[in-house]
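Same chain, two partners: subunit A is paired with subunit B first, then with subunit C.
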Partner chain A sequence: MPSQEDIALMAHLMRRAGFGASRAELEERAAKGYEATVEELLNPGPEPGIDEDELIRYFPQFESSLAPVAAQTEWVYRMINTRWPLQEKMALFWHQLFATGNSKVDNPPELLQQIAMFRREGLTTFPNLLVQLAQNPAMIYWLDNNGNHYGSINENWGRELLELFSMGVGHYSEDDIKEASRAFTGWTIGTKPPRQPVGRFYWSFEFKPEDHDYGEKQFLGHSGNFDGGDIIDIVVKEEDTARFLARHLYNFFVADEPQVPAWNITPPNDLDAIDRLVQAYLDSGADIRSILRALFNSDFFKQARFAHVKSPAELVVSTARLAGNYNGPRTGFPLLAFECGWQGQELMNPPSVESWHTGSEWIDGGALVRRVNFAAKLLSDTSLPGIKAIVAGLKEQGTLSPNEFVNACLDLAGPVEVDEGTHQELLAQAQAGGDITWDSEEAAAESERRTGVMLAMIAATREFQFA
Partner chain B sequence: MLTTVAAGRVYDFSHCMGMYSTSGIGFLVPQDFALGSADTLYVLNRGVDEITMRISKCTLNHEFIADIGRAGTGDGQFVWPTSLDLDREENIYVSDENLNRITVMDKDGQFLTKWGAPGSADGELNRPSGIAFDSADNLYVVDSLNNRVQQFTKDGQFLGGWGSAGSGPGQFNQPWGICLDQQGNVYVADWKNDRVQKFSAEGEFLGQFGETPGGVGGLRRPTGVAVDSDGDVYVADWGNHEVKIYEPDGKFIASLVGDAEQPSPWVQDYINANPDVAKARRRTNMEVEWRFRRPIAVNLDAQDRLFVAEAVRHRIQIYTKERNYAEAALNL
Partner chain C sequence: MASTRKDPVLVVLQLSGANDYLNTVIPFTDPLYRDYRPNLGLPEDQIIPFTDDLAFHPSMGPVKDVWEQGKMAIIHGIGYENSSRSHFRSMDIWHTCEPDKVGTEGWLGRVIRDLDPAGENVLKGVNFGQGLPRAMALRGVPVTSVSDLASYGVLTDVPAIGGGEERERMLELFSRVYSPAIGNGPVMDYLGQTGRDALKGADIIKTAPEQYSSTVEYADNPIAKSLKSVAQVHLANLGTQIFYTQYGSFDTHFNQLPAHAKLWVDVSGAVNDFFADLREHDAADNVVMLVFTEFGRRVQDNGTGCDHGRGGVAFAIGDRVNPGMYGEYPSLKAEDLIEGDLAPGYDFRGFYSTFAERWLGLDATPIVGGKFEQLDFLPTH
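And then the complex of A and B:
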């Protein structure tokens, strides 16, 4: 029987490596063990995360619609329903790191192809991922590499590869950018039929030798007839790259860091943790699985509960999973996709290539009200399967004093760990109604109603905003 | 190839209809269709993003007549419309796998009635998909998540049914499309079992269609089926993006892969009105556009012309079955 601490730690892991888990799933995973669960998350079995045929049977628009909301909805469906949550979480991580937006690409199906690539390749190696990224048509269009020609370079991709996707500001020169750009000339997009008026057609990567600069380049102290792959090989061997990726992983999975533009002047909050992730990167040849294994099994990760503000996608998806009413095909997923945008994270449309600012910057007055209202509405609905399960869990415990009631709700809704002030506020509300009892139909109905109210209040706590 | 010659049959690509459109001229994620009198065509559009569901009523001469129905849960509205068929009076019947009901409208789209209730007892429905009338105007309904076929009178009285979950004869795994041949035998696209099963009108298992000796003819998630006047069987092989053709006894004879080289008139009008689209089409190889993408429903008219609806291309490709075809010499 897993201890309460085992459950709390497993809940932490599943909030970060996935999008939260029900109490039943937490107990099942905790019984298997923490490290065994980490391995299972890192190495999905042969069964796919989603039954792709069923997905298209019931949501044919996912391969037919040209609208942004269809692409966003498809992804939200996967985040909620996947059997392999870490794959989807990594897709979200890479999307936030390699931010590509519909504001320019104006082609949601292509952006969805990029997300599918993150899902497919996201746990492999960083060099592989950068090559896939450099050859991803949505990225090529987003950063203008289709306009990067022999004798007439466009530096956009070369610059962002170094500044935002690998090394970070201050570790390369303007000449390195130009030379990298020369190496990526000829990496472009093949033509395809226009998407209208008979539906989607997908771009493909095309290398045009006649448009490639085969001349010698000087890059980060190396010289040779480099092409794009050589540039990536050089970049991924730089410790600055390891450090940059380590900090991104820490910021996403462990605890909020300062915003990325400040990183070249602000040291990491936990330098030892970053050093350990850098070592895992260097030891493994930039193998993402190995780095994540080191991260999830570390003390610094285990001790970082509720140290990360949920992104809108994390908040929406984890709350929907807790409520339990979005399991499998049904209507309503588009509204969840819109909700992410209304809370400030329009999937596949970040504000710029610099991506969203994270941590406390997810929260402003308007966004906070939306976040609280969204979560409170779902968690207060005692007709939903996930909330019914919480009520059943309370009922099993029999009569509960107000203090026991508050603690049991916090436990079954997370466990959510709150500070004393928050606890007192919840307790004051619970005390107004007295003990929770189940010994008559009326008492059970009233206890169920009060549970919905208490869960709505928990959804409104400061702590619920954190993962 | 525009002409497919196989086993004594010749299928010749004729033309295509349709284009992407959220209303009016065009279709949007077609799921099924039916041929009415006077060259009328009723196309059931699933729509996208929980809006834009409708039936497109048009003629085979590409004349748009009306949009029928819309998104919603009210009378004459759809959430997940899945299949469509016409009774003898050309009233329109539509299954809705979200609302677990059959909606009935007249041929002008006037709502007449609805029936069906969710559940698994006799006469109840769990994700109804394919529907087809028999010669007595009773309606067969593929009750997909209950893994069975049920028969109803046209006003919804339960008559009988058969089937259970599994992969043996007479068992189903999330079946989808259905049709009848001229003898009244029933063919069901047994979607997740990758086969089509043939039954007598009373549900006696008669045979199945799928992979045949030589490792050809295998189906992947078939969705629709139709039978011509010779008894040849056409299957919308949704997962393989083909239409597979079988002899009446189940022997596989040919695949069609889509041949819409010539755009539909509606598409051509769109191209003519959008020079950028015309340029984009001229700078690339358009072959991918000719081919089927999610062929989802098949039907035949009285002349054995084959109609194939494609969910992702929002169109219908039409083939003729040539009777007096002299084959061109291979050494030309």
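And then the complex of A and C:
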């Protein structure tokens, strides 16, 4: 039987490396052990995360719909139902880092292809990811590399590759941007076959040698007849790149950092932790799996419980998973996709290539109200499977004093750790109703109702906003 | 709160993604315009001339009307020294007035603080849109951010919580668990303040759409919806003095002609409808609108679009605006460009200062971080 501490630590791991887990799953994983679970998360099996045939059968529109919400819904479906939570969480990480938006791409199926690439390649190496990204048609279109020609460069991709995707501002010159852009000339989108008579085709990457600048380039102190792949090879060997990626991983998985634009002037909150991640990057040849292994097994990670404000996608997906009513195909998934957007994170449509601001900047008056209302509604509904399980868990414990009731609700809904003052308020609310009993049908019904209200209040606390 | 009705109101409209100056206010008689814009140059028979040398984009018909009514100022060559070509960085600079370091305080946050030092009205500043702009962010200053006016409120849809009394009790509990006595650290404090303000603001603002009626029919696009919400809250006399909203993306590296045309159709129509709506209710004369973008775009086009640039154009619109053009259109001569960009000749902090001092009656120096040249598009306070 795993200890309470084992469960709390496992819940922390599953909130960060996935989208939370039910009590049953936490107990099962805790019994296997922490490091064994980390390995399992890091090594998804060959079978897909969800039953793809079932998805197509129930949601045939996901494959081809040009409505953004269809693409967002498919992704939310996968986040909730995947058997490989870290794979899906990494797709979200890369999406937030390599932010590509439908506001310009205007082609949700192509964006889904990009997300599928993040899902497939997300745990490989950073150089591989950058090459895949440079050759991803949605990205090529998003940052105009299809308009980057021999003799007439468009520096959008070259600039953002260095500023936002690898080294961070301040570590290269304007000339480096121009030279990198020259190296990526001819990396473009192939001509598409006409849609009639057999339907639409996905965009494809094409290298056009006649549009590529084969001349010598000077880039970050190196010179040669570089092409895009060479530029990436140079970039990924820079320690600035290791540091930049380490900080992104820390901000996403461990604890909130200042916003990205402040990074070249504000030191990391935990420099030792960043140094260790940089070392793991350098030691492993930028192998993402190795860096994450070091991260999840570190003390700085284990000690960072509730040090990260949930992104809207994390809040929506983890709450739906806890409620347990979105397991497998059903109607209503599009509302979850919309909800992410209403809370400030419209999937596959970040505000710009600079992505969303994170941490406390997810929260403003409007977003907080939405977060509270969404989570309170689901957690208070005792007819939902996940909430039923919480009620059953309480019932097993028999009659509960108000204090035991509050603690058991906090435990089964997370465990959620709350401030003493919050606890006092929840307790006062519980005391007004007296002990929780299950002796009669009437008492059980009232206890169930009170559980719903208590879970709604837990969902409404500040502490619930943190992962 | 009816007495606050004639307090000055500022509506900020952000054109996100960098609006192209050259194709918004077009120097159509300058032969260099045609030279630099072989692909993007707008046809002379479509542009809308408003002086001998300058014309509006063909989509800006409603803006031309505003100009002719004498309710608009054009601020040429606005920007700042060592202009950043990064959207993120440049927008941050416009939001915080901190060109040399990353600022955390928004200039409008400081404006709202100075308008309402005790933080008595959580609706003093209202943003319509997803996420609060950094311009309005200042710890300790309540700002209400609304994505959808119709459904705004705390614990509005929790069936387990009974009606009436029980809901009241829950809202009281909510306000206590968000009280300053609980939790520690800046993020918990910030969440607490945000929660308490949201609770207060929601109760008040939800009354606005109920009272509203108008003959103006706004178009069906996000900027029209946002400005309609601004009108609704303004007309409800809730004491709001700072409104914020944004539209975009103006980041037209590629296929600019159709994209830029659509954006200006939407913006021009929405702005015109907004002021028509206010005038219908005799509520326009205490409102000015500030329209800005983070920088202009590259002078030379890149084929079908243009890249990030420097100097841009801003507008001030309203019944009390001294109409005209302010500042100078930057020279297009090759030797006057900075790395191919228009050189900004006027610091945006002076533009902000003009609103802060002459319109809102505040000391602009601490708000924009220094003294900058003000312009006469607003009468001295």
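Definition applied: the second predicted complex is superposed on the first by the 459 of 467 C-alpha atoms of A that agree within 3 Å, B and C clash if a C-alpha of one lies under 4 Å from a C-alpha of the other, contacts with A are read in each partner's own complex, and residues count from 1 in each chain.
Here is the rule we go by: a residue touches a chain if its C-beta (ideal position, glycine included) is under 8 Å from a C-beta of that chain, and two chains touch if they have at least 3 such contacts.
What you are looking at is a predicted structure, and each value in this text was computed from that prediction instead of being measured.
In the superposed model, A:331 makes contact with subunit B only, not with subunit C. In the superposition on chain A, contact is made by A:60 with subunit B only, not with subunit C.
Within the superposed three-chain model, A:445 lies out of touch with both subunit B and subunit C [touch as defined at top]. When the shared chain is aligned, subunit B comes close enough to touch A:69, but subunit C does not. A count of residues in subunit A touched by subunit B and by subunit C gives the higher number to C. Contacts of A:201 after superposition: subunit B is touched, whereas subunit C is not reached. Contact with subunit B, but none with subunit C, is seen for A:193 once the two complexes are overlaid on the shared chain.
Across the interface of their complex, subunit C is touched by residues 103-104, 143-144, 146-147, 149, 152, 154-156, 159, 163, 169, 174, 256, 259-262, 265-266, 309, 341-342, 344, 346, 351-354, 356-357, 359-361, 363-370, 372-373, 376-377, 380-382, 419, 421-422, 425-426, 429, 449, 452-453, 456-457, 460-463, 465 of subunit A. For subunit B in complex with subunit A, the residues that touch the partner chain are 19-21, 26, 28-29, 31, 46-50, 79-80, 97-98, 174, 176, 191-192, 221, 239, 263, 266-267, 270-271, 274, 276-277, 280-281, 283-286, 288-289, 293-294, 311-315.
By the touch criterion given at the top, residues 16-17, 85-89, 92, 101-102, 122, 127, 130-132, 137, 142-148, 152-161, 166, 170, 173-174, 176-179, 181-184, 186-188, 190-192, 194-195, 197-198, 201-202, 248-249, 251, 253-254, 302-305, 307, 339 of subunit C touch subunit A in their complex.
Within the complex formed with subunit B, the subunit A residues making contact are 53-54, 56-58, 60-61, 63-67, 69-70, 73, 191-194, 196-201, 330-331, 334.
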